[in-house]
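What follows is a pair of complexes built around chain A, which joins chain B in one and chain C in the other.
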Partner chain A sequence: MTLEPGGRLAWVCRRAQALLLRRWPEGGVVYDAADGSLSAVSPVAAELIERLLDGQPADAEALAQHLLQAAPEPEDIDGVNQHLAQFEHMGFIERIPS
Partner chain B sequence: MSALRGRIADLSPAELSARLNSDGLALSVPPFTVRVRSPIPVVREGIERMYALHEHFGDDEVFCDFHLSILPRLGWTGLRCELDVDGQRPFTPLARGEAFAFFEWGLNWCVTSHCHHWLTLHAAVLERDGRAVLLPAPPGSGKSTLCAWLMQQGWRLMSDELALIDPASGQLSASPRPVSLKNESIALMRQRLPDAVFGPVAHDTLKGMVAHLRVNESSLRQAALPATPRWIVFPRFEKGATLRAVPRPKPQTLVELASNTFNHHVHGPRGFECLADLVDGCEAFDLSYSQLDDATTWFDSLTRSS
Partner chain C sequence: MSDMNHSEDVVVQEAEAPASGLSRRHLVRAGLSAAPVLAALKSNTVLAGDHTCIKPSTFSSLRAAQMKVSARRELKTDYECQSHGYWKNRDGGLPNKYKTTTKFLSTETGFTQNPGGVYTNKTLQQVLENGGNQGNAALARHVVAAFLTAKAYQNDPSRVMLTQSQCRAIWNGQGVWQPFAGTTWTLSQTMAYFDMVYGPAFL
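This part shows the complex of A and B:
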């Protein structure tokens, strides 16, 4: 997919049926039914994945706001973007135009 | 179902040899029945000593879960033996002196390859008061030594090698069999447990020197009793170390546990949920130790603290 330069990105999980998340206060584990792999994730990552598993697209700012329950600072959004890039690399989510 | 006919110890060496040399010995290895055939003396010796307290079936027809034959072979480098499992020969022949150990390893392979109604984990399991501790650990971590020792200190041995988890209930089934000791731990256990019964020693195996230790009568008598997993302990023997137990976070525990399963992929999402529930219900620790007595005190304290 090509995106317009400067266009905002959103992220969506289209594989929610294949992904299972188990959360604890100290973090979580994602199970991917496609290959049976397990990935340990931080508490913040677990919360983000839980939100994305509802299948609704969201951008980094909205996700940061969801985490903080307040308006995020730019560095908060950067942090979320780093997580999202990792999730994309792991095949959990994909990017779509916002 | 045929009736059990008595203990292996009740058979004379000649009777045992005759069974092993003919149609095979139908050996009860709870929760399995295994038909064993072999003309190799060290197999007879191993079964006679390690399975003396286990029961056997008569000569009449009985359903056996597995049929294992340990057959003599002549290799270019000396006397060899080969394992035949239900007509298949999945392994490279080994030295003849390893024949009894080959039987034990072959039986492990049978369970992990075929018994998918359980989730099977590479872990030792001990039980006290209905609650079980799982010891998943790589070779060389001292798992079997610890297991043999704790069995003699009042813990019930459910298994030295394989945790059998019912995915529906999360309960653990027992399969008490000889404890596989390696290298220095053989001499250590001979010294610390002078009344324990040891099997034939296999030298120069891929794991080094291997000898088995007989499971105690109490563990065998309670083989039908399941247990609830309560603790997961990753043991590591460290020469000279002071005992240290560090709680392990649940996510890392779950990932490590999954890496020790033989078949969670067979169970798919249900297997993941089962493992995650197991971790949910357990305390997990990384345990480093050098002294068995310190380890005993620590394991005993688990049962008092929760």
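This part shows the complex of A and C:
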């Protein structure tokens, strides 16, 4: 898939069948059945992953709004983007044109 | 697996309590400024999947290890192993009309066992098309598929999963054969191997 430079991005999890998330007050763990890996994640990361595991694409702004339950500011969106980049690196999600 | 996903608590919402004096925004920002991944544990092993084209010796090792493969171990899985379903409808790489003129029981194939007499005068194509399991037909379909694959690839052991002589040993022993020195497989072990490589033989 070709992504336009500067174009808006959304993120989607296409591997929900292979990922198992459990959450606790202190955070969560994600089990990836593809390689048997287990990752401990922060509470905010766990909430983001839980939202993405529904399989619906979302952009960083919508995800930040989901976390805050209020309109996000640029620094909130930046923080979400950093989390999403990490999830992408781990193979949980992929980016698609928004 | 996704339906097992659940949250036992919604941490951020919980932390919204006014008594804490912290707004949800502050808490989320604090969370976003921290590393999302606190620790990662890589498994040493992964499950070997179905339809993996491996040699009998590798299958034997995997069975002993509950079909788990060390993450650092490289398995050669790119042997040629076209299934009976493939060969039923194709003849690429074979001599002209080979499947339809070569008899299953013949000097060309070397197959001699004829349980129940059901293979008398049958061609390789007819054996591929045999349904059910009369006369060990499920094994026969797998063996013919492996034999034709070996034929199409010049019986090159570096490319094919089973050589023609191994196919003969399997059929003429009715599934009881020695895949490698010192080991004898039963029919059920042989079928388990074929089922992993090809999928079930559709009895």
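Rule of thumb we're sticking to: the second predicted complex is superposed on the first by the 98 of 98 C-alpha atoms of A that agree within 3 Å, B and C clash if a C-alpha of one lies under 4 Å from a C-alpha of the other, contacts with A are read in each partner's own complex, and residues count from 1 in each chain.
Basically, contacts are C-beta pairs under 8 Å (C-beta built on N, C-alpha and C of every residue); 3 or more make two chains touch, one makes a residue touch a chain.
Small disclaimer: the values here were computed from a predicted structure and weren't measured.
Engineer: So, on chain A, is it clash or fit between chain B and chain C?
Structural biologist: Partners fit side by side after overlay.
Engineer: Who wins on chain A residues touched, chain B or chain C?
Structural biologist: Comparing touch counts on chain A for chain B and chain C gives C.
Engineer: Report for A:Glu75: first if it touches chain B alone, second if chain C alone, otherwise both or neither.
Structural biologist: Only chain C; A:Glu75 stays clear of chain B.
Engineer: After lining up the shared chain so the two structures overlap, which partner does A:Leu20 touch, if you call chain B first and chain C second: first, second, both or neither?
Structural biologist: After superposing on A, A:Leu20 lies in contact with both chain B and chain C.
Engineer: How wide is the angle at chain A between chain B and chain C, using CA centres, rounded to the nearest 10°?
Structural biologist: Here the answer is 60 degrees.
Engineer: After lining up the shared chain so the two structures overlap, which partner does A:Ala40 touch, if you call chain B first and chain C second: first, second, both or neither?
Structural biologist: both
Engineer: With the two structures placed on a shared chain A, what shortest C-alpha distance in Å links chain B and chain C?
Structural biologist: In the combined three-chain model, chain B comes within 6 Å of chain C at the C-alpha level.
Engineer: What part of chain A is shared between its chain B contacts and its chain C contacts?
Structural biologist: 20, 22, 24, 26-28, 33, 36, 38-41
Engineer: Would you tell me which residues of chain B are touching chain A in their complex?
Structural biologist: 249-252, 254-255, 258, 264-265, 268-269, 272-273, 276, 280
Engineer: Residue numbers of chain C touching chain A in their complex, please.
Structural biologist: Spelled out, the residues of chain C in touch with chain A are 1-2, 4-12, 14, 24-25, 28-29, 31-46, 71.
Engineer: Please name which positions on chain A make contact with chain C in the complex.
Structural biologist: Going by the criterion above, the answer is residues 16-28, 33-48, 50, 53, 55, 67-70, 75-76, 79-80, 82-83, 86-87, 90.
Engineer: Can you check the complex and tell me which residues of chain A touch chain B?
Structural biologist: 20, 22, 24, 26-29, 31, 33, 36, 38-41
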